[in-house]
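Structures follow.
Across the two complexes that follow, subunit A remains constant while its partner is subunit B and subsequently subunit C.
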Partner chain A sequence: MTDLLATKKLNVKFRSRGEIIHAVKDLSFKLSDDEVLGIVGESGSGKSQTVLSIMGLLETNGSATGSCLFADKELIGLPSGELNNVRGNEIAMIFQDPMSSLNPYITIGKQMSGVLKRHTRMGNKEIKERCIEMLDSVGIGKPQERFDGYSFELSGGMRQRVMIASALLTNPKLLIADEPTTALDVTVQEKILDLILAVKERFKMSVIMITHDLGVVARTCDQVLVMKNGELQESGNTEAIFYSPKADYTKELLKKSKEINLKEQQKYTETQDPSIKNSLVKSTNAKVNFVLPKKALFSAENILTAVNEISMETHEGEVLGIVGESGSGKSTLAKTILGLQKLSSGQVEVFGERLSEINKKELKEIRKKMQVVFQDPFSSLNPRMTVFEILKEPLDSFFPSMTKESAQKDIEDGLMEVGLTPEYLGRYPHELSGGQCQRVAIARALMPKPQLLICDEAVSALDASIRGEIIDLLLRIKAEKKLTMIFIAHDLAVVRKICDRVIVMQSGKIVEQGPTEKVFFEPEKEYTANLLSAVPVPDPKMEREKYIKRVQAK
Partner chain B sequence: MPTLLILICLAFFLVKAAPGGPFDFERSLPEEVEANLRAAYNLDDPVYLQLAKYIGNLLQGDFGPSFQYRDYTVTELISTGFPVSLRLGVAAILLALFFGSLIGSVAALNQNSKLDYGVMFFGMIGISIPNFVMAPLLVLFFSIGLKALPAGGYNGGDFYHMILPVVSLALPQMAYIARLTRGSMIEVLSSNFVRTAKAQGLSTRTILLSHVLKPTFLPVVSYLGPATAAIITGSVVVEQIFGLPGLGRYFVQGALNRDYTLVMGVVVFYGCLIIVFNLVVDTLYGFIDPKIKQNR
Partner chain C sequence: MRKTNSLLNDAWVALSKNKAALISATTMAAMVFMVLFGPIFSPYTIDETDWYKISAAPSLLDGHIFGTDDLGRDLFVRTMFGGRISLMVGLVATLVSVMIGVTYGAVAGFMGGRIDALMMRFVDVLYAMPFLFFVILLMVFFGRSIFLIFVAIGAVNWLDIARIVRGQTLNIKGKEYVDAAKTGGVSTIKIIMKHIVPNLLGVVVVYVALTVPQVILVESFLSFLGLGVQEPMTSWGALVNQGARQMESSPWMLLFPAIFLATTLFCFNFIGDGLRDALDPKDRTRGND
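Let's turn to the complex of A and B:
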């Protein structure tokens, strides 16, 4: 085997406000033909910057030194004119967020044609044929129509397929995938990963797969680099890394990842005594319809039923998980419970009150007992308020008569409770990390001393290790305060770790519900079983078996 | 339409609320003469009746007679003044658009360079200096200092006579559009889809032309609505300073002479113009932004 790509002492540095940030330190690695190389690490480990430097895509304040030979051509320091002959042609790249990585203002066809116009001498008709052929081969239905359509008409998975199709147009030798499935649902992730492996075989490419998810690595990669803070921790073939890791950091990563993924873990919450069944939330045949904008002036109304006749209960003291893919209606259900979304029909009772029959004042009383933590901590905290002001706001609105001193004390206690010190009180959200922001969001939710906490994808946007910390925090608080929690997530591993009972939703309906262990080990419905097996586990052998099964099933 | 109605009523009452009337001269008229005059112009009716009659006439396209320019109707005055103002306004908008977006793009492409800072500095000055200050300064420099351009007058719309009015009207808008373009383009340049285009090996030129240009000018297009309004307001001042016989000048003189119908007429006319232009801008926007096109 020859080396397709070989880096030697690759360094990436950023200048930022007079400081120099060393993002990648002396990184050397090799990639052979027809090989999938995984680069794993948490955010800030330099894994993305490594490939961006190879592609010459660093931000303007970044610079790369060292060497990176691609098919015996030095890429570092290559003038952009020559680099442009390589990238998009011999090396293609797909990105994490297919939504923003495709231009919403020009048609998909025009974007794809641009690549061929740049790198080949094909005529317009030939170009169009090639693009449509590629769209077809990555599994996009009606490729003719899509060619003239726009990216925002497609779902996340379809957009990523379009990205892959445009990457394959020129038959590149190397495909770089930077967190290609992080923003996608598990079932979609499975399809995209399978697609990447399939096109790799078909077009005889090598792949660099960048991810923070060891499960994805186990599923797809032959070789692995583990990175932390810009430094290489360990490299080797996948089985060696997973079954006999040498570096401490790798062991730690594996341990964390297995903790939430594999079956032999212990349960964290004790099972509830079934005799206590005081239900806090109860919905009967709840239904929410959205009227979609009309396509033409006189066309019939398009109605989307986001929540379709859902009847469920949340018992006091339990952690109820609601799982499902995006678009399954789980967040809409949470909104109806919070009284933020009106029902089209049916009933929702919270703390014994029917939400549709109470006035604003009574709703406020109920909201005091029921708080929520949202997915994106950065956008759900007001950027112009300090942590102190953020925490004070719920006190002002729910306990207007509270004295200044006791409010101050409550706020400090609240912050300590989520593991932050009072010195954070004066900071603004942008001065905090993602994990710290989410801690503040949790502290805010706990300020009115609620009985019910709804977490809407509360840990989805966080890194694996921080996710673990936040989950532990939630579990601790839940036990200390005897909270009831509704935990909405698309990440099954997380749900499995913390929930007593699970509801599986699909297109607005409940597919299956029951105690977590039962749903996870003996799923009754095929949909649940598929959802479960789609989660990549950090075990290469298991993943290979699953892959072979899937290929055979086709 | 409701917007226009509110505008008419508001203007009507504001004009009425101003102290003094069209027939207040240094020497007061004999009482019976003034009463006759008031009767002739329906000014002796109750106010609501006057408004109703005015709106009724408007619907028939009749802006009423001018109180000051005898034998002229307001419609006639508007139709003589409008071509001059139109010429001035269109030229100013085009000038502002062209140079504004050009300067803004150059600044964005050389972000944080000296050129960028320089352009943005002059841009800030352009926005902050109102045109009633800018116009005399330009006259002082080009007409009196360099003796290169005429200081005023219309002269049948002669090119050299139009340069200074157009430039002084366009400058603030140009500066604003330049800043708008710069900000928007910087944002687009740092977007993920531009990164994708770079990763596809496209040349900077191709990326700019086929990926960056369209999203960059979306905010500029939506600014065109407020820009026309600003140009219209500006033209009132600029026409006065350069002595151009345009609508703006009639407007100012009408206001000074308590020429109720003339002032009202110009207000209503400008109102219509702005509403129509905003409609045009919205339609244009729909053509550029595919998302809006789809939602129709």
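Let's turn to the complex of A and C:
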């Protein structure tokens, strides 16, 4: 085997406001033909900057030094004209967010053709044939029609397939995948990862897979680089890294990800006394319809049922998990419980009151007991309000008679409770990190001293290590304040870790519900079982067995 | 511990660091002062004809420091009086239309559904009315007055703002902090005033900076048609108009009002830019994370 790519002492530096940030430090690695190399690390570890510097795609304030030989050609310092002959042609790249990497104004065909026009001398007809052939080979149905279609007509998974198809057009020797499945659902992720492995075999290329998910690495990679703060922590073949890690950081990462996936895990919350069955939220046949815009003036109304005949209960003191893929209606259900979304039919009772029968004043009383934490920590805080104003708002509206001094004290206490100091009070949200923002959002939710806390994907947008901290914070608060929690997530590992009971949803309906252990280890429905097995496990041998099984099943 | 500043306080600090905006604001202040008190120091009045000095060039000796126009009236006094009208029209009409437009647009956007549809169709109806026809109609009903110019310009301008603001509101409404405020028990009016409107400021401020000059120009257009201010009262627009006709024989008639008009327009643009940056908390320097 020869080296397709070899870097020596690769350094990436950024200049920003007079400071120099050393993003990648003395990185040397090799990649052979026909090999999958994983680069693992948390955000800020320099894993993306490494490949961007190889591709010559660094921001203008960044510079790369060192050496990077690709098929015996030095890439660092190559003028962009020559570099353009390499990238797109011999090295192709796919990105994290398939939503934004395709231009919605141009047809898919046009975007794909651009690559071939730049790098080959094919005629228009040939180009079209080649594009359609590639679309077909990545498993897109009706490739002829899709060629003339637009990207917004496709789902996230399909878009990622299109991205892969256009990356393959020129028969590249190296495919770089930067978090290719992070934005996708687990079942879709499984298919995309399988597809990447399949095209790698078929077109005989090497792959660099950048990810923060050790499960994805175990599933796909032959070689692994572990990075932290721009420095290489450990490298080696996958089995060695997973079964006999040497660096402390690798051990820590493995421990964290296995903790979530272990079968015999310790529950954080003590088991509930089954005799307490005081239900805080109870829905019977709840249904929410959305009327979509009509296609023509007189065509029939287009109705989307986001929540379809859902009957569920939340008992006092429990953590109820709601899982499902995107579009399964779990967030709409949460909004309905919060009274932010009107019911089309059925009933939702919260604290014994029927939501459809109460007036504004009564709803306000209920909301005092029921608060929410949203997914995106940045968009859930008003950018024009300081932390103090954000925390004061619920106090003003729920306890208008509160004195200034006691409000100040409550706000400071609330902030301390989520692990922040009062010096943050004067800051604006953009001055905080994602984790700090989420802490403020949690503090805000706790201000009116609620009994029920709804977490709508509250940790999904956070980095793995911060995610752990926020989960620990939520669990601590839950135990201290005897809260009941509804925890909505698409991340099954998190749900398994913290929930007492789980509801699995699919296209607006409940597929299965029951105690977490039972749902996870003895799922009754096939859908649940598929969902569970689609989660990548940080264990290369197990993943290989699963992969072989899937290939055979086809 | 950092002092908790109010939004306006912070904005003021940021604005005073912006040199272009600061110079513009000082210039504007000086001009306003001049326009208000300048005529007191001149021996002439706005409608007095100096029969010996018809279309006279500027001269310090006889007190006609800006010269005189073709009717022998002192141009300095006329420019100052014209400035009062122009600035008043620009500021008052813009302010009125911004207040109506922002409230209307924010309410329509936030309420959504049928209320939104009704409110925006009403805007469409007003849009459909030709501007001149509308002004003439007002004149016929109420007779000529400066007040009517405010009404006419304000009535037309708020439509644009309402549309822009509604679009922005629809965008902001979907943000999670609005949902969070709802669950926090905040009333609808407070959500609009505290969460929606402050986040609209950036767009509105830029729009205002563009609108003030536009309104001043619209007024001069109306004056040109004889629908605006009436002689002997005048405005910068009207003066520039007259000056343009005498450009070759007496260029000072164009030059002085034009300098004042152009300086005002420049100043407003810089102030607008500065305000937008100052009101955006994201542009301020980061604290230590």
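Everything below uses one rule, namely that the second predicted complex is superposed on the first by the 554 of 554 C-alpha atoms of A that agree within 3 Å, B and C clash if a C-alpha of one lies under 4 Å from a C-alpha of the other, contacts with A are read in each partner's own complex, and residues count from 1 in each chain.
The criterion applied here is as follows: a residue touches a chain if its C-beta (ideal position, glycine included) is under 8 Å from a C-beta of that chain, and two chains touch if they have at least 3 such contacts.
Source: prediction; values computed, not measured.
Visitor: Look at where subunit B and subunit C land on subunit A after superposing the complexes, then choose clash or fit.
Guide: Overlaying the two complexes on subunit A (C-alpha atoms) leaves subunit C and subunit B clashing.
Visitor: Using the touch definition from the top, say if A:351 reaches subunit B (first), subunit C (second), both or neither.
Guide: The answer is neither, since A:351 touches no partner chain.
Visitor: Kindly classify A:431 by the partners it touches after superposition: subunit B alone (first), subunit C alone (second), both, or neither?
Guide: second
Visitor: Considering only the touch criterion stated at the top, classify A:153 as touching first (subunit B), second (subunit C), both, or neither.
Guide: First partner only, subunit B.
Visitor: According to the stated criteria, A:103 is in contact with first (subunit B), second (subunit C), both, or neither; which is it?
Guide: The answer is first: A:103 touches subunit B but not subunit C.
Visitor: Tell me which partner A:85 touches in the superposition: subunit B (first), subunit C (second), both or neither.
Guide: first
Visitor: Applying the document's definition of touch, where does A:527 land relative to subunit B and subunit C: first, second, both, or neither?
Guide: neither
Visitor: Applying the stated clash rule to the superposed structures, which of 127-135, 163-171, 181-189 or 199-207 from subunit B runs into subunit C?
Guide: The segment of subunit B occupying space taken by subunit C is 127-135.
Visitor: For subunit A, give the residues common to its interface with subunit B and its interface with subunit C.
Guide: none
Visitor: Can you check the complex and tell me which residues of subunit B touch subunit A?
Guide: Against subunit A, the touching part of subunit B is residues 191-193, 195-204, 206, 210-211, 214-215, 288-291, 294-295.
Visitor: Write out the stretch or stretches of subunit C touching subunit A in their complex.
Guide: Against subunit A, the touching part of subunit C is residues 1-5, 7, 175-177, 179-187, 190, 194-195, 198-199, 201, 281-282, 284, 286-287, 289.
Visitor: How about subunit A: which of its residues touch subunit C in the complex?
Guide: Answer in residue numbers: 335, 338, 340, 364, 367-368, 370-372, 374-376, 379-386, 388, 393-394, 397-398, 422-423, 425-428, 430-433, 436, 441, 444, 447-448.
Visitor: Using the touch rule from the top, collect the residues of subunit A that touch subunit B in their complex.
Guide: It is residues 55-57, 80-81, 83-89, 92-93, 95, 97, 100-107, 110-111, 114-115, 118-119, 150, 152-153, 163, 166, 293 of subunit A that touch subunit B.
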